[in-house]
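Following this line, the structures themselves.
Both of the next two complexes hold subunit A, though its partner changes from subunit B to subunit C.
Right after this comes the complex of A and B.
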């Protein structure tokens, strides 16, 4: 139980071994090891991994996992949890496609306007969900886990009710061509967007008071409040940013799939939590760095791609995901225990 | 606690004491109100046949809610419960079919169910208590591992050809005209009630949930107690899975999809506290009854299944807010 706090007192760690283990953990040793092993092993076992087209595919999938993983990280570092990420992605995918379908009827020939309108409305939905999540968590001090679990049930219900599980077609062609399949300087547009979000998160965490407040609220709400941080507002911003990022993911996924789908995002809660946790985000809040979460998301994208290449049944992919999640946490625990002895 | 709250209104018949009654009995009252409301729209809701139906449906959910309660009491969680039900249903069915599918093979099915669930529960317990990984993430990871097996070992198809005796004995038989699942759920309730109230293990669960450090200070060996709690949870899930399999008459890989959420919802609605140490199997059963009455009513007045999903989410949040006020008093 006290091992978690042990990582924080790195400065006065007693033994040499302890400080070495600390440095390994703090600098993302686990995730970097995982990533290097996965890339090397995949490249050796299946040389097709290094094909240009395959790498582009990995990058697209990476970007679409990176953005919601950063959303999960924001909430988790603030001491929360967001199981509704996948449901927001599904709901906003439906919203994006529905707005385009309706909008193109009213404004024929003005595709750009319609696309932007769908983005704005999707982001609005995401922000609203974040607002409700944060409102319930902060105002009534409810368990974020239960609130977002219930929110997931509600959102999935809404998305499925309005679509009855049928994809919404009629997405603008230029949207699919320029965003979903678009490239800039030889790299996918969605990757650029993902990297921009990553850069923004890193800057936010390191150089802004918001970043410091999120860490403070996440590590100890009481002392954060006592030292003048508005905990309610900080939680609100964290959940709303997470909702916005999930909505952005829903928007981008629609451009990839070419339709609005209420059934996507089912495993996204697990995947984003896995990326965050493997990237060293603490489940107790207060600890987590965007760049390490990005490496973890890349790692997960690489092993998913590797399993596709060697044609592992997609059902076993969830097994690997679950096992990797548990193993990475077990390694961290055991290292911390070794450090204490 | 509840005794005091009940005797107070006798002593002084003020407005406050009425509030006390409402507070203590609000869930039973809510159940009656919901029944009445649905009854206004659809009279069949209040028929004797439907009451029997509600009782039968409640018995399955109650077993899963009681299973979840065992770990919720310790500040734990079991997100793998639903998929454990799926895997147990498939594995037990395959075992029975492999042993000939006669009535004698039922024992092998039960054995396979206990083995599978025991392994899952032990693994959860060792990872959570022994190694110290967060229960949410452990059981979330375990859920996906179990799901992968449930959806692959039978090729993803239902397992048919189960012994006739399974359905006849554990779903259709009604001693004293009460269906077997209700007897079994009642037996589980009584046993768990006694375990929680009258054994060292039961008290340890509450103490660990209320204050893990105090539990260690009090000399409770938390690791074996927690491992036992997670194993018990999985074994109870297996029992429920066998009963559901008997009802459907086949091993179903999709049997437990929504059960995790429903079991947690039932426990939480009943008043089992997520921060541990509060609630019991009575709360779980009452919560299960409420959730069942609600979904039964919505089915009878033909509310869309997806809208029901929305309702479940809203109910969870409302009950979290309502139950939270208790802690403040």
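Right after this comes the complex of A and C.
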């Protein structure tokens, strides 16, 4: 009997001969390499990249891409898509500014209260959008792609209707100074907020049953349900968290821009999906890690900054973004395939 | 303790289960028997809360239940090993075992404890599995073991086993039977589905026979013969299960020389197979016989060695080139390698033969000929229900297996590689498959069968190669074939 079990152990265990390079490539080595190459190349071509002010700028942009990319990652690992992130950012930016404008009339001199109120209301809007998205996806088993596409259209319509495309000013000065432009220990406040969100996502994915359930639902919904996972609730939480993060982005964006704008976030759906996919999130769900998505978001922010520094026309920037997306995915796939065969 | 009465379930108006009564006592093993598509899995899925029942009353421990989800079923203490598994490919073995039942303190998972518990559980079952491997990378047998361990993660009161041994070898199955006996002694009620008569005989106290969604009867196992059960099941007396095959070995069709795969699942294996004979590949699950077939068909990377067809070496085999060379392969894992589950039975059957002149000219499909062409192969296999437009996923497990087989019968091949051809199909259909193999061989084809069912090999094969840890350790001729002989080579040594 003992010899039998021994032989079966050998037969069962697949050969674990992955080299160190393999493991490096599998666990985000490719993204890290992209990032290092992008940083070094930009610094060489354009020394202004390393200016303190420019670096602070990159960090702010990074944080404002990171948070919605994590939102995208949550939904994608649960087997869906969220095309409405950009629209939620725009809508909540408008909501934040509008609440501040109206609120400061009612409560003059109580800026902090007004700012917090606008945050709470913006987050409420984000959560509500997530709730509706998830509700439609889960109850009617509609395609997440179509549901969030429609949601995007509706939200943009509402935001444009209310603002007529004109920015809403009257945002509290202390809000702009302390949040959008504020610093703590020499780094932008928004970066700290982004890193806090990242840390929360990492912990959630690795150490909580919610994280486990999101992976399971994205990987195989039927099996997850049969295993006793409440798939509807898991989807709901994933989409609502995504809505909350998008709303947080809208709130921070308002503080950064100094006004509420219904026209921002137009390319955010593309950018966040790009960051997620370059960071290794599977389009089929079930796979993806927050820390790698963060690296990919940083990579994209560096490239965007480089293009601004060398004054690439903004019209061409989306073209470059698309090319970067395709090229990096192709390289990633090629390397992995070479390693596997 | 568990009792259902008048259970009915319809799929798009068609009754898959029709007014069925079933009961289970504490400490009882109650077997479900029936042909493919009889409704066994459907009954089990209703009991486990996978989908709602249309009519009927469900009582457990005297409590009447009006609706059930898998989550609630588990709270009540009903655990199930599903025929099509309930595993998530992108999570590891440990994560799957505790999926939906994670242990946490506050917000955070107790990862160490769960791992430890998984180790203890698998040890107690005697299963050896790579704990931190994603389930996607496991073989079907290993997945089966994970699925079993998962059902036992919390002490269940009712345990449902839907063909749990379909892809296990005798050694592993034995361990499962020990676990079943232990649970039974503890008062757990067990519902057991299997197409293997010997298991039903050895394990069960009562048997309920289903046919066409209706209950035929419930009998005490000890009071009925195998023949009696089979007659209840198919509705007519049984014929002979294994046909007598006339082997007329001709020239060597397929020869494998010193083949080693890159993953070392096969090491220096050689064998020959002639036209007009059935060659068997025997051995434990994981011994490399599946991988050997896969390598021949170009699905495993070959490191060294040669594959020869009619004495010509095949460079870099791929499934496309092997099909073109008239070699056909039937995988064991119909879900992940075989069927396009979302497509119709018809499309699945014709998938690899669309280039036949009967079915296309150039790029244009002769779709009007398709139904005509698939009729005979599907009828030969007795597909149930005979509904070619139905999605593959809507067929019962055994009928999905038949669809896989039908694919290889669309056009005449010269070499057939079968990997576990009768996994999960009923006695009647098994006889159909054996007859099919007989007609192929007698028409001059070369057939290689890799299987864990020893009686199959002994009755069908003219020669058997036994594999152990990737190597071919013995070749047995027809007159040397007996269960004891083959088994003695299973562990590499000589008895």
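Throughout what follows, the second predicted complex is superposed on the first by the 307 of 341 C-alpha atoms of A that agree within 3 Å, B and C clash if a C-alpha of one lies under 4 Å from a C-alpha of the other, contacts with A are read in each partner's own complex, and residues count from 1 in each chain.
Following the convention adopted for this analysis, a residue touches a chain if its C-beta (ideal position, glycine included) is under 8 Å from a C-beta of that chain, and two chains touch if they have at least 3 such contacts.
Worth saying up front: this structure is predicted, and the values here are computed from it rather than measured.
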With both structures placed on chain A, which of the two partners, subunit B or subunit C, ends up touching more residues of subunit A? B
Contacts of A:169 with subunit B and subunit C, given as first, second, both or neither: neither
Just checking: does A:219 make contact with subunit B only, subunit C only, both, or neither of them? Give me first, second, both or neither. second
With the two structures laid over each other on chain A, which partner does A:107 touch: subunit B (first), subunit C (second), both, or neither? neither
With the two structures laid over each other on chain A, which partner does A:315 touch: subunit B (first), subunit C (second), both, or neither? first
On the A-aligned overlay, A:161 touches which partner chain: subunit B = first, subunit C = second, or both, or neither? first
Let me check the overlay on chain A: which residues of subunit A are in contact with subunit B and also with subunit C? 3
Contacting residues of subunit B [partner subunit A, same complex]: 77, 127, 131-134, 136-138, 140-145, 147-149, 151-152, 156, 212-213, 261, 264, 268, 274-275, 304, 306-314, 316-317, 320-321, 324
Considering only the defined contacts, which subunit A positions touch subunit B in the complex? 1, 3, 81, 136, 140-143, 145-147, 149-154, 156-158, 160-161, 164, 267, 270, 273-274, 277, 283, 313, 315-319, 321-323, 325-326, 329-330, 333-334, 337
For subunit C, which residues count as touching subunit A in their complex? 48, 50, 69-71, 73-74, 80, 82, 85-91, 95-96, 99-102, 104, 107-109, 111, 126, 128-130, 133, 137, 142, 150, 171-172, 263-264, 284-287, 301, 468-469, 491-492
As the complex stands, subunit A meets subunit C at residues 3-5, 7-15, 207-209, 212-213, 215-216, 218-220, 222-230, 282, 286-287, 341
